[in-house]
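This report refers to the structure that appears directly beneath it.
A, B, C and D are the chain letters, set down in written order, and residue numbers restart from 1 in every chain.
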Amino acid sequence: MIVVIKKNQEQKQVDNLINWIKDLGLNVHLSEGENTTIVGLVGDTSKVDIDLIRTLDIVESVTRVQEPYKNANRKFHPADTIVDVAGHRFGGDNFQIIAGPCSVENEKQIIEVAEAVKKAGATLLRGGAFKPRTSPYSFQGMGVDGLKLLKKAKAETGMPIVTEIMSEEYIDDFDGVDVMQVGARNMQNFDLLKRLGKLKTPILLKRGIAATVEEWLMSAEYIMSEGNPNVILCERGIRTYETYTRNTLDLSAIPVLKERTHLPIIVDPSHALGISRFVKPMCLGSVGAGADGLIIEVHNDPAHALCDGAQSLRPEQFEDVVNCVKGMLPVVGKRMDR
Amino acid sequence: MIVVIKKNQEQKQVDNLINWIKDLGLNVHLSEGENTTIVGLVGDTSKVDIDLIRTLDIVESVTRVQEPYKNANRKFHPADTIVDVAGHRFGGDNFQIIAGPCSVENEKQIIEVAEAVKKAGATLLRGGAFKPRTSPYSFQGMGVDGLKLLKKAKAETGMPIVTEIMSEEYIDDFDGVDVMQVGARNMQNFDLLKRLGKLKTPILLKRGIAATVEEWLMSAEYIMSEGNPNVILCERGIRTYETYTRNTLDLSAIPVLKERTHLPIIVDPSHALGISRFVKPMCLGSVGAGADGLIIEVHNDPAHALCDGAQSLRPEQFEDVVNCVKGMLPVVGKRMDR
Amino acid sequence: MIVVIKKNQEQKQVDNLINWIKDLGLNVHLSEGENTTIVGLVGDTSKVDIDLIRTLDIVESVTRVQEPYKNANRKFHPADTIVDVAGHRFGGDNFQIIAGPCSVENEKQIIEVAEAVKKAGATLLRGGAFKPRTSPYSFQGMGVDGLKLLKKAKAETGMPIVTEIMSEEYIDDFDGVDVMQVGARNMQNFDLLKRLGKLKTPILLKRGIAATVEEWLMSAEYIMSEGNPNVILCERGIRTYETYTRNTLDLSAIPVLKERTHLPIIVDPSHALGISRFVKPMCLGSVGAGADGLIIEVHNDPAHALCDGAQSLRPEQFEDVVNCVKGMLPVVGKRMDR
Amino acid sequence: MIVVIKKNQEQKQVDNLINWIKDLGLNVHLSEGENTTIVGLVGDTSKVDIDLIRTLDIVESVTRVQEPYKNANRKFHPADTIVDVAGHRFGGDNFQIIAGPCSVENEKQIIEVAEAVKKAGATLLRGGAFKPRTSPYSFQGMGVDGLKLLKKAKAETGMPIVTEIMSEEYIDDFDGVDVMQVGARNMQNFDLLKRLGKLKTPILLKRGIAATVEEWLMSAEYIMSEGNPNVILCERGIRTYETYTRNTLDLSAIPVLKERTHLPIIVDPSHALGISRFVKPMCLGSVGAGADGLIIEVHNDPAHALCDGAQSLRPEQFEDVVNCVKGMLPVVGKRMDR
């Protein structure tokens, strides 16, 4: 970390800062120029509060040389992490497609969709049991009953299941769930993250709606620093001024993350865009940008014509997406595991 | 709610939509023009999923006429809500100033600051016991011990106390806390909000870092719909592209909220700006914009020179702010309760 | 356009609004419900000032049913526009790659780069003569002399040339330029747009750094309504809160634009990301998302090692990008014209 | 400027960078640590292209110690600049209120409004003759005829006039205009800025809709570096994700600018908010935050009831605002010049 001191500051103030840094167990490398004094902090600076230093009156600027995350940092773990979910591998040259309905509604629905997406090429099944909804008056999901139906679908189809956890309170009910998802709204629910860090179950960590890449990796760090190395990152769109899509899918984040972290990263175009006819191009865009997988909403109710056009694809549309994705994978050096 | 149907859609699809709306218990008012069909939804539309309708292929656009919040809505509750905290009133023509340190550190510190801010004109004491920190390696607060020290400071000075709750797990330990704060990162931690809705303790609900005014009011609605009407909103800056301050303080939100809701709204300039020398102008700006109060960080450690310039004011700086605020209150028709 | 009137408004005010609308030559379709009055505007509403209506006290909300652009609107022009640049076609199932240096520096440089990118597969040559720079102290480009060198490179290689125009003042000097580029900072320089609309030369219209898709299409409309139909849109990243790349490349804009307009759209990943090692994945992402072409910075100065790693690729890196793009094009049903 | 070099880079690459820096006429101060090499650039770094250096492969990070603006920089000009407009002073402890209609429509209108705002306390008259409109189909202003009517109003009332210039082409017609306004969309129309820099007329430079404070000051620098020191900055709202107001008024920018520059700064709440009933609170908020003045839209057509509620105030509403502003000025140590 490099701290630039403003011109003409009291030496006592500068000394106070230096002593405070030394008290944190760091070495200080001082370089005094004509117009500025530069203070280099040498050692493990991940515990230094950069915001505090930045706000000091005597400080002109602070530059972090070392990233504040360690377990998630590619510098300390150059090889790609492979997260194994019941034999399906995330990361490296593997590509996974998770698919299923927005919400679990009943046994027939979840099993039919599971069979349809499996047939079309999905490798894991998703489905919401606990639903984070902006309005208290909206359907909040089937809860524990939904989890039971997901497990039935897993037993029927052999597909591993992915579903969201919203509170530590229900953690025991998630026994048997293969991937526990943390939603965008809970990305900085630190008590929840710490609790999930004590498990070994893979965690699908969605990016917060206005989270920086660094904050996102710090949330991964909360999980990893408690002992759980199995984190899969999921880009799901960020909030911008533009309103023609629900959120702006940030595909640039993929190459950036590939450089900074060894964790696998997948993309959720269904939630980011909010409109099913835009899902296919953004799936292909994600493949091009280097993603390790996709999570896609698929529904399976031909009678339920109302849903045509919502963010969910029909199975035949989903199959078309899978086929196009497979056509692109060789160019980016990846392959699906079946 | 008004739904505009695209030109030349299949009548069957339109009928499906209309029947689905009727099944929700709403009346439908149809208006067919040459180029468009307009479907008006009459009744309680707060439970209608606007996002679902928006994504239908046959739909051109959807306009909500009725806001999706009810308890928080000024239309249904025209008079200002007054939240009474141990005799200190938030809302109406009252103005409150909450002050105290960022974190509770020890008994001496919290009691000294409490006495200093009381003397300078603060009406409530703030102090963090549970601290939400981006990094797992940063100080996470004193926790339950911090709560005990805050209660001691309350006993010594008679000031009501305001402090943040991060998880339902600790709710019993907050007995004796006068205002429970929900931080920006937990604004959409819906399980926490529902739990707080079952209390009667006033809740200080901070705006999420990228929350719209509507989402913020919907989070207030989560608390209120469970039975707790005592919600105080707190603007604390939003995330924008601009980086010269930590966040962009959105003072326009104050007159907008005053029109839409009857709940009191206060401003936290310390966290929004992140730099103490900008706190005073933004306090005065908040008064001008119509805020019902302020929450300000103050520290009291003349020896701890390191913190000069951080987001906390020294007591004498805080006193100057209080005096200037008092000078402005008559222009906006408000008064402090002592 | 649909205007929703607030409850309990004076009839005189409502009548004033209706009469004002009729004075604009529009028909009014009135629908009075119990709680709201809905005013439908029928006719050519592209000239109605929606912002003005939105701000009226009696108005609850306004919804535009018809887009405010006509020439650029796919509704009125369903087939893809093909912009022909000296035999190279933009739009439809064609894919073009424009490449060249950031700035024209001297004759040797521009001709060497031109030959290199042509050999690697580029179909048009780019190069900056007039450079919009944030700082008045930065190099502002070679100006008219740079244009002359570009034309020499065109004569030598037969490649059509693309370069930026910043002011109407120099328009005559652009004679012989095949595509005139309007930069992000000038996207709403309406006097310049009107002037370019009087030409027939194809215009490459970059998206403003915080422009909505609608504003961008309205700027295309400025050019087209003056008589020039040859507009190529160029996505180049938008400004968001995220700072790890210079801007956030908005690839979702591609499928959205494909639905709304018939104009071709290309992507500039070099400027959006600002870092050359991220250019390749974003080129492939752009292809997946459905772009009609790319504009890529390439430099050709092996001795000028300083520039390694800047936003420009070296020719051999560029060739690798071209080959990967070609591998992907069949999946999206496009092809390069050589 | 401080450049941090990545670990384990080739010495040749580092030497290339250092030689390139020296060629720019700067001294280099090298500090090699165990893990990083720090290169300090000493001298006038305002001409160094920070973006170029940042993108080099060998560079970890770059920190600018010196701001890239000089003429606008308070460090080199500690005292407040006072811009004198026909005896009305902007900056220091002066406070000015500019008022008038959005557009000049006819002689009767502009003179009536001018008289009304003068009576109510405005010190300068505004009115649009050239109007930047998103749509080519919207009214583009009266142009040169509008300028003539403004000058008549000036002659009648003695008020100095403020109006927008959109293109260098009309510069001669602005003779007699007291303050030339550069709109948000033209903040980075560098050819226009350079041209205005050759005048002595005060320039009201509005902030671009997504401009950083630094970019805004760099645009001021374009004007000042050409010889015109009379720049007044005008905050008019920035683009954020929030949609309940047209833009988000960034009042935090005021204290930040007061620290960085000596130029006066005023606020335009009418355009930022877009709704007249929010103008008053934001005027008072601006005063509290430390603004040097306001620019407010006022119309004067009691028969033209349509405009009630638009972003323009009626004269009696404007008078109320002026009186409240006057009530607040003593608290912030400012005064109006009449």
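Criterion: a residue touches a chain if its C-beta (ideal position, glycine included) is under 8 Å from a C-beta of that chain, and two chains touch if they have at least 3 such contacts.
None of these values were measured; they are calculated from a predicted model.
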Furthest chain, CA centroid comparison against chain A: D
A-D, B-C or A-B - pair sharing over half of the C-D contact pairs: A-B
Mean-CA-position distance for chain B and chain A (Å): 27
Separation of mean Cα positions, chain C and chain B [Å, integer]: 40
Inter-centroid spacing, chain D versus chain B (mean Cα positions, whole Å): 31
Residues of chain B engaged with two or more neighbouring chains: 210, 239-241, 243, 277
In the complex, chain A residues that touch chain D: 2, 4, 29, 31, 33-36, 38, 40, 42, 60-61, 63-65, 210, 239-241, 243
In the complex with chain D, residue positions of chain B that touch it: 210, 212-214, 238, 240-245, 248-256, 259, 272-273, 277-278, 281-290, 324, 327-328, 330-332
Contacting residues of chain D [partner chain C, same complex]: 12-13, 16-17, 20, 46-47, 49, 51-52, 54-59, 68, 132-140, 166-169, 185-186, 188-191, 194, 209-210, 215, 218, 221-222, 225-226, 239, 246, 274-277, 305-311
